[in-house]
Amino acid sequence: MRIARVIGETIATIKSDRVHGTKLLILRQTTHTGEVIGKPYVAVDLVDAGVGDLVLTGHGSAARQTHLTKECPVDAVIAAVVDHLEVDGEVVFRTQ
Amino acid sequence: MRIARVIGETIATIKSDRVHGTKLLILRQTTHTGEVIGKPYVAVDLVDAGVGDLVLTGHGSAARQTHLTKECPVDAVIAAVVDHLEVDGEVVFRTQ
Amino acid sequence: MRIARVIGETIATIKSDRVHGTKLLILRQTTHTGEVIGKPYVAVDLVDAGVGDLVLTGHGSAARQTHLTKECPVDAVIAAVVDHLEVDGEVVFRTQ
Amino acid sequence: MRIARVIGETIATIKSDRVHGTKLLILRQTTHTGEVIGKPYVAVDLVDAGVGDLVLTGHGSAARQTHLTKECPVDAVIAAVVDHLEVDGEVVFRTQ
Amino acid sequence: MRIARVIGETIATIKSDRVHGTKLLILRQTTHTGEVIGKPYVAVDLVDAGVGDLVLTGHGSAARQTHLTKECPVDAVIAAVVDHLEVDGEVVFRTQ
């Protein structure tokens, strides 16, 4: 799973049937210290995340393991909001 | 899911049986401001998208979650047409 | 799906049971104008493609959606031979 | 599967239902000599690995082949702890 | 599928239940002439390959299409040993 920061939201008026009713957030992958790296991507929000949150995203068929996303043509979900990250026993990131 | 722009169409006279009857569009991934990045790829259109549209594409087995593409050897679909994108509360892209 | 050019063939005398009887072609991804980019890879041919053809390849579980490849340990198939590609209403590639 | 080193742990207070109760470790891919390369990622621990261990991680649907992770929105698991690695008949890495 | 060379073996004393009894080889992707490129990765051997062999590896769910690997948390298998590779009608690689 990727560590990522929620940076925004996607508003789409035309959607495939099964994507209706999902909240589609824009994210960018981060390092374990919360530094943004990589390209923006879009994931379905499962945990009521907000802009600025550091989260974990599951990709591929992982994205369709929930009632909300089962049989949807989506390939990424936000599965958890990060509280803090520890590396070598030290806290390297903490939600403020 | 990727944010992408539809740039063209693929015309293929010889296709595997189950790919017949699908519209195969050419896309390039974009940033959240609609700037094109990355290599061109091809996806099945589920939402009647047109050249120039900013869309969301689902990849991998996500592409086979619809009646049109079930059991097809395809790995990407256009699942939504983007109306606008918001980053940090500001609209950074809007369809014209 | 990737746009790719068939560049050669793989001859393997020792194969996993379920890979026997498949034609394994070597490909390289191309741009929408047919320019070769990226590393070579191998895909099962579903459409009787030949060396030099521009084709579309499906990846991941997409590769096992056919009778020929069902339950095979393969992850890429050639699903279509490209006739021509249009970008912004202009033909940018045409098979000769 | 990737060769990777466990570098830390993720503490997440808000999780999708099915991710509760899993240990989510932070990893970085390594070479066959244990040199760290690539971006950090997060995987569910199946083998009671600890920080500093060299491990093998399975990705994609591989991550949901166990009772712990079945139908979870996760896409990576730690499937083994490496004891040693041999290249060309020589031990190039050994756990201390 | 990737063209790859077997460079070594992984010895892991602690493994997830379903990975026990599999031979886990270390590989590096190659070009069609056998030149090594890319990062090392690990795959389950289905065809009794040895160090030095040029092989084809299947990735993702392709890796679990065999009795040996069904329901294992593995994401790569060696599906064939390459005898020779032809590009544009010429043999560009042959096993010695």
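In this document, chain identifiers A, B, C, D and E correspond to the written order of the chains, with residue numbering beginning at 1 in each.
Going forward, a contact is a pair of C-beta atoms (placed from the backbone, for glycine too) under 8 Å apart; a residue touches a chain by one contact, two chains touch by 3 or more.
Because the structure is a prediction, the values reported are computed rather than measured.
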Minimum number of chain-to-chain touching steps separating chain C from chain D: 2
Number of steps on the shortest touching-chain route linking chain A and chain E: 2
Separation of mean Cα positions, chain C and chain A [Å, integer]: 32
Cα-centroid distance, chain D relative to chain E, in whole angstrom: 20
Chain B, residues touching no fewer than two other chains: 60-61, 63
Order around the closed ring of chains, commencing at chain D, then chain E: D, E, C, B, A
Residue ranges of chain B touching chain C (in the complex, touch as defined): 7-16, 18-19, 24, 26, 39-43, 51, 60-61, 63-64, 71-76
Interfacial residue positions of chain E with respect to chain C in the complex: 1-3, 29, 31-32, 37-38, 46-49, 56, 58-63, 65-66, 77, 79-89, 92
